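Both of the next two complexes hold subunit A, though its partner changes from subunit B to subunit C.
And now, the complex of A and B:
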């Protein structure tokens, strides 16, 4: 989850998010280098005592400052396109979960083997137990097995919502009447938080998403328990 | 027109990389757009003979331009024919 005064991304919990993090580091390093260079040139131009009123043009420097930015842009574009196509690949998911957005909660359906469905409401601030996170905890978490490709089908029952979990690198709009598909692999066990990312009314900020990645046996126990309770 | 450009290039050779990159970029964009228009199964050109090409997708075909980790020819076809 996010922590106070955080500047960067949350720690990656899926291979796609790791790739995105590395790409962001790469692009940001290029941006820092260019900004430093420009700042240096500005300071140098402003503080120099040299003057030459008769320079008209220079072919060499023009070639350099055409070639170098083009090369830098290619160096940014190639990893970017690679990640773009990587994010679209869904390689043989082990489990399919449907996430439906409502006003103002999410409901999850695990219908591969049995008919398991439940709603996930935010825990109000006054009902939080010590150690729980404000505006982020829900009564029922979406439990998934760790290190398994999971396919999520996302839609909405009333207005636009968006299912987003930053540490898994997932964000997909929930559009009424439309089924959007995305996938992720949780690389490590843990609890990953997200929030609804499309304005949907009064309680848009109060319908969080919690994904809990557990080993497969725990997932099987959990789903049996949930089926009994239902 | 071309003669004027050639004369300007001789006096300002720095314009050559500019032509290469801008021309190359525009060419690649147009080629990709053409590929999308002609090869994308979501696009219908011939309403009489091929009205809904998105209904004719094969399970092992690759429709994307580039794959990183997937080999579509190795996928199993685990869905029913209809």
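And now, the complex of A and C:
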């Protein structure tokens, strides 16, 4: 999860997010260098004593400041397109989960084998146990097996919501009457937090998402327990 | 400030690129000044040296990093497959032996 005064991304928990982090570092370094260059040029322009009122054109500098930005844009675009297509690759999901947005909670349905469904409400601040995170914890977590491709089908029952988990590199709008699909692989076990990312009313900030990635055996035990409790 | 520094430290290759850039900048600017005694132009050359060295160091380090990541993924897949398929027909270490027919009993 995010820590106080954090500026950068959270640690990646999926291969796609790892790629996104690397691309972000690459693009940011280019942006920093361009900004430094512009700042230096501004300072040089302001402090120079050279003036020439009769310059009409200069082929050399025109070529430089056309070619250089084109090269920089290609250097940014190629990795960007690579990741874009990587994110849309067709994988063979081991599990399909439906995430439905409501006002103001999420519900999850695991209907591949048995009919397992549950709601996931935020734990109010006054009910938090020591060590739990304010505005992030839920009563029921979405448990998934680690290292397995998971397909998430996202929709909403009432208004627009958005299902987002930053450390998995996933964000998808939940639109009433529409079924959106996304996929991820949790590459390590852990608990990953997210929050609703589309304004949906008074408690928009209070309907978090918690994904818990566990080994397959634990996932099977959890799903058996949930079915017994249902 | 500390979280910004942590972000820089956590970004692979960033610290090395900036340090190499600083070194390249000082070296280029100083050498040009020693050769020509032109102060302002030496700053320009120093800055150009910073840009070139930083970019060069950055891309070189990132390329090596990317190659290492690919190797790491291949190794991880190999270990996972070995553990999952050990003793079965799909065991990659048993490919040659599995095909040899057994002799008469």
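One rule holds in what follows: the second predicted complex is superposed on the first by the 229 of 230 C-alpha atoms of A that agree within 3 Å, B and C clash if a C-alpha of one lies under 4 Å from a C-alpha of the other, contacts with A are read in each partner's own complex, and residues count from 1 in each chain.
The definition used in the following text is that contacts are C-beta pairs under 8 Å (C-beta built on N, C-alpha and C of every residue); 3 or more make two chains touch, one makes a residue touch a chain.
Just so you know, these numbers come straight off a predicted model, no measurement behind them.
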Contacts of A:179 with subunit B and subunit C, given as first, second, both or neither: neither
Which superposed partner A:199 touches (first subunit B, second subunit C, both, neither): neither
Touched partner set for A:62, first subunit B, second subunit C, both or neither: first
Partner chain(s) touched by A:40 [first = subunit B, second = subunit C, both, neither]: second
Which superposed partner A:5 touches (first subunit B, second subunit C, both, neither): second
First, second, both or neither for A:85, with subunit B first and subunit C second: first
Touch list for subunit A against partner subunit B, complex: 57, 59-60, 62-63, 66-67, 70, 81-82, 85-86, 88-89, 91
In the complex, subunit C residues that touch subunit A: 3-4, 7, 10-14, 17, 44, 47, 50-51, 54-55, 58, 62, 66, 80
Residue ranges of subunit A touching subunit C (in the complex, touch as defined): 5-8, 22, 25-26, 29, 33, 36-37, 40, 44, 147
List of subunit B residues in touch with subunit A within their complex: 12-18, 21, 64-70
